[in-house]
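Below, chain A partners chain B and then partners chain C, in two separate complexes.
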Partner chain A sequence: MITELLSLNVLIGIATSGIRLATPYLYAAIGETFGQRSGVLNLGVDGMMLLGAYAGFYVAFTTGNLWFGLLAAIIVGAVMGLAMAFISVNLQAEQGISGIGIYLFGLGMSDLLFQKTLGTVETVKGFRSISVPYLSDIPIIGEIFFQHNILVYGAFALVPLAWFVLNKTTLGLKIRAVGENTQAADSLGVSVSGVRYFTLTLGGILSGIAGASLSIALLNVFQVNLTNGLGFIAVALVYFGSWRPGGVLFGSLIFSLVNALQVWVQVLGIDIPSDIAVMMPYVLTILVLVFTVQRTRPPSALTKPFERGE
Partner chain B sequence: MQVELQDIHKFFGPVKANAGISLQFEGSKVYGLLGENGAGKSTLMKILSGYQPADRGQIILDSKPTYFVSPANALTQGIGMVYQDPLDIPPLRVIDNYLLAKDKKLILNYQAAKKEMKDLLSKYNFDVDPDYLIESLSLGQRQQLELVRLLSGGAELLILDEPTTGISAEQKEVLFDSIRRLAYDEGKTVILVSHKLDEVQELCDYAYVLRQGKLVGGIKVPCPNERLVEMMFGQIPVREVRPDHELGKTVLELKNLSIETPRLTVQNINLEVKSGEVFGLAGLEGSGQKLLLQACAGLLRPSQGNLLLQDEEITNWSYHHRQQAGVAYLAAGRLEEGLVAGLSITEHIVLAQPKHDFLVDWRAARDITTERIKTYQIVGRPDSTADQLSGGNQQRLLFSLLNSPLKLLLLEHPTRGLDIRSTDWIWGLLNERRKDGTAILFMSADLDEVIERSDRIAVLSGGVMSRIVNAKETTVDELGHLIGGQA
Partner chain C sequence: MQNPLLKKLDFEKIVDALLPVLATFAALAVGAVMLVLLGANPLQAYAAMVEGAFGSTNSLADTIVRATPLLMVGLGICISFRGGVINIGGEGQLVMGAIGATVVGLWLPEVPAFFVVPLAMLAGFLAGAIWGGIPGALKAYFNVNEILSTIMMNAIAVQFMNYLLRDPLLDPDQFNAASKIPQTARLVQAFDLPRLVPTRLHLGAGIAVVLAILVYLFLWRTSIGYRIRAVGLNPDASRYAGIDVKRYIVLSLLLSGAFAGLGGAIQILGVHHRMFTDGSAMGFTGSAGFNGIVAALFGKLHPIGTIPASFLFGALLVGANKLQRVMQVPSAFIIALNGLVVVFVVSSEIWSRRRSRRRMSMSETLPELDGSNKLKKPGETQI
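Up next is the complex of A and B:
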């Protein structure tokens, strides 16, 4: 039985779905990376993803245009990000609690809207795969990497882009300064609230896209709690990746590959209780977190609200 | 207890913080450890207290070589250090902090601990309430708490790293009394790291001097000040005479300004600072000088009154708006309020530029940085992070971040923690700015500095401002009276 898993076709299949499945993690975790580097822990990612997934699906379903769906997800994500920014920057609320509030709101609201507008599980035809000319013809490599839909490519392109912004641009420097020491960044002329509004809105937008990548590109359905806690994994991946886009990419790939493996194990009917197979990625996450996270230092101002004065 | 350091080496990359230092300390004596900024004093003392290991060399306690894995471990062997920034945990209560390091039992015995702590506190005339939160204590009180904690942990050798910076004159007296008592009545060894020669002369029996990571020598004190200065710097630095200078138009004007905070109300301040003028604010810590500076900077909103910058009403301008208009504020808490610990010198300089492009031109930034490092004589490399710099170099970095030209410069303890040469150097820099017409408003706890460097002086006492005195005509005595609230 195990030998079946090792055949070339199956291995290619696992790798291909691993790459595909990394998509929502990447969007959500890169967005969260920006937030945390600026010192805000947003635990509401999953809720933002759910609303994005719903909005994307509903608009795509009713208008028949996937791009409108994606745009709707972006708008909804941005609004949620702004809300989180208002709560944590202006109201200076406890970030852990407000994030959970955002999550519960997203969960409940997407469910309510789903019941009111769709009622039953529908499907859409999601974004189609695009074969990259020439590259997709390379044996094995082409199949694994270059025959995906646009959102998958986008997710992977985001990684170097995020790295570049964080390390090479003025904006990135400001984000890092705010995440380390709000007071000092402020005195150097950086607008702490401005930076945090930016990173949280960006995080919201990317969470919205992450949600939409599930509902109109990978699974192409919407149902209650579609994300199934995926947004929380994304938060964990940021820690796993030591607040670096490259680290986040690495974590997302490990996680999605194990997930893909788990799916294939079930598809092939290998004799492992399915509950255990489903648990595998989560157990792995916890183990990896336990063994890696202590070694890196989080941004010093993480979870600290900023207030001027004495 | 006999403590000996043998051939201690500590390198940070290319920086030789300690390059083969050997020293001895005996019981019942107070030692001074002197040296210019960046000489390696803190590094050496952190090695002796187990905070960081030496690259090479040995620590010998009562002729037995030993090795410390942590400050807690060093304390069990009788060595304790009060760091420049106290290592306590601010959100906790005093008593929790005290117990934290001590009580290994599962259930904490608060009653007994409180009594023990109170006894110790009153023995040395310290004034700390065990039930208070650390956050609400002054720096001097946090120091007292640290001392008591170390003493109860069995410290025989106590290291104090620049303990008198940032504490009140009264707390300083209490501290010095307790130091004498610890050394002469209880037979302990005390090491005082300091830049202030007067303090070393007053308190110590013997002084060691470091320069550029090496031991220059030891000398019995008291001794002539020039001897110490020469050992510290290799020569006696020439003091620049403060250049006289025509004052220009009024830059900053405060009209009936009041500031209310839960702890203190500053009332009805009327004040003018002219272009090219240096205006000094004296007073006990927490008498409202800082609030006043912060209100001028736009960090605090006054409850009443007006602020004018070159006759323009700026009372409601934000901090950033004022920054753009040429107002700069340097806070005293270098690593808390002024610099970002994890960022490099280059990154700081990029952040502080008035204009930003989307992309950072890192090559240009590096060039500016190298140039600033040179002009401001910062001991560090462009990629050294702020927390790797010695205290004095952090201060230089802060000054290098100021843009020119400025209309108004607000300074909180501009030379706190700096050695004499750096202090002179900083004031030279400030006097240059005066020539460009910058108005300077500063506060300092050092009355000599206030008198020597200012044109005019005002004293704050409990939020009330005294009459304004001319620096040339006043004395430390007169200021002392004003500080006490007498007119």
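Up next is the complex of A and C:
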């Protein structure tokens, strides 16, 4: 049984699907990282992903153009991000609860639109795999890393980009300042609301893409509650990764590899109840949270609305 | 002692209490726009919902039945939120409580109901307490964010339920049949909670209302409840006052889970009489774990206020069924509308916060307005 799992082909299969499955987590969690580094917890990621997944699928299905679909997901995500920004910045609402509200809205709305416009589960031909020239010919490595579709590559490219923006640019400095010491940032002339509008809109856009990566690149269908709580995992991965893009990448990979392993265990017919196998990534997340959160500290201003004193 | 300021405060209190209602109306207005876009007449739609929720004895009873789990979850939410802990785990806690009650019911079919029914409720209460207590302990002793851990616990509970219903607890009839619908056998009829009037209304609703009063007394009239609220208001000050803050964090999440768990047990004994799954938590809970949070917030995190709030949301859910039947508006509309209500109600709190801040600064400046008071020591004030 264990030997079956350890054969080279199976290991390559697990690694390849692990890379693929990390995609939606990466988009959503990197987006959430920006929001949280600026001091806003967005718990509505899953709802935004669902709306993005629906918009992407519907537009791709009706126009036959996947790029239009992706654009639609981006626009929908941006609108939801702006809404979250208005709620948390201007109305200073409790972020955890308003996020649940956004989630419920996205869950209901995507289902409603699905029933009204599509009615039945349809499929699209999603983004095709692109083999990177030369690199994809490397044995094993090429198969695992360099034969994926464009959204998978995009997700992994996003990690160093996010790291660069957060740590090496003025914008990143402003984001971190707003998240760590809002008053000081404000007194130095940084626009707190401007920064938070930016990070939350970016987070919304990335959530939209995360949803679309499911509906037009990985699964190529849309159905009710397609994400199945994936957006909440993405929020957990931000804590897991200690608010650093590299940490988020590490967490996403662990999570998706365990998921891939779990799928393969079932494919190979190994005798572990499937429900228990599906449970494992969640148990693992809690365990890792126990061991990581202790060492790191969230951004000081996280979940605290800002209002200038007199 | 007729102070004009006091009168003003009363008036502002009323406005504060009305804020969530106004916010709900605003959300319903947005919902009306959505209905128009869906091609339904919003007035007719809302009328159908009111009719569906209150139109007859039966529909009124259904509304109360739907409100009961919301109230149970909401009572738990009152405790945890007052204790400064956010519990998003109602879904998982409902499921675990229901599993606990089902196991007891299936295990003791021959034993008299007056023994088994309370035992099943206790099992649900304890199962929920464990499911809330784990994230509570993780928060208190390992600093794990409870929002995340309770969400993970929801997912784990769902898989646990699916696992149990696939094989260990599967109805023997289903086991033999080809269909294998994932559900347990029906509990013996003796364990059904008594019906109050010849409708679906069962004793569970009465239990929930009594518990609401008890939770109120617990939070405001006992020293444990006082400490839970103190920790929620100011953990640092509580620590200086000698309160073991960590222990009260665990306790508030544990109790919060316990009430949701008991709610799950009541759903089994009063409504479903068996455990079943559609693969997600929603199939069994009907999202009561989330909607209970909404109801509690709506009731201003006050156990008594949560009673009418749960009733209102129960009505919304029952009305949604009618809406779907009569006007072919998918019931997903209500989930979206619920989301809007949450966002609007939470956002509306900015006005009551602003006013209370103004009130505080007003009372600070009051002595200066009244020169004669200025130099008096406390206790010396004359009328």
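We take it that the second predicted complex is superposed on the first by the 309 of 310 C-alpha atoms of A that agree within 3 Å, B and C clash if a C-alpha of one lies under 4 Å from a C-alpha of the other, contacts with A are read in each partner's own complex, and residues count from 1 in each chain.
One rule holds in what follows: a contact is a pair of C-beta atoms (placed from the backbone, for glycine too) under 8 Å apart; a residue touches a chain by one contact, two chains touch by 3 or more.
This structure is a prediction, so every number in the text was calculated from the model and none was measured.
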Scan A:276 for contacts with chain B and chain C and give back first, second, both or neither. second
Touching partner for A:176 - first (chain B), second (chain C), both, neither: first
Looking at chain A, which partner touches more of its residues: chain C or chain B? C
Note which residues of chain B are touching chain A in the complex, please. 261, 263, 290-291, 294, 299-300, 319-320, 323, 329, 331, 333, 335-343, 347-348, 350-352, 354, 356-360, 362, 401
For chain C, which residues count as touching chain A in their complex? 38, 86, 88, 138, 142-145, 147-149, 151-156, 159-160, 162-163, 166-167, 280, 282, 287, 290, 293, 297, 330, 332-343, 346-347, 349-350, 353
Would you tell me which residues of chain A are touching chain B in their complex? 168-171, 173-174, 176-177, 180-181, 183-191, 300, 308-310
For chain A, which residues are in contact with chain C within the complex? 41, 43, 47, 87, 91-94, 96-98, 100-109, 111-112, 115-116, 224-225, 228-229, 232, 235-236, 239, 273, 275-276, 278-279, 282-283, 285-286, 289-290, 293-294, 298
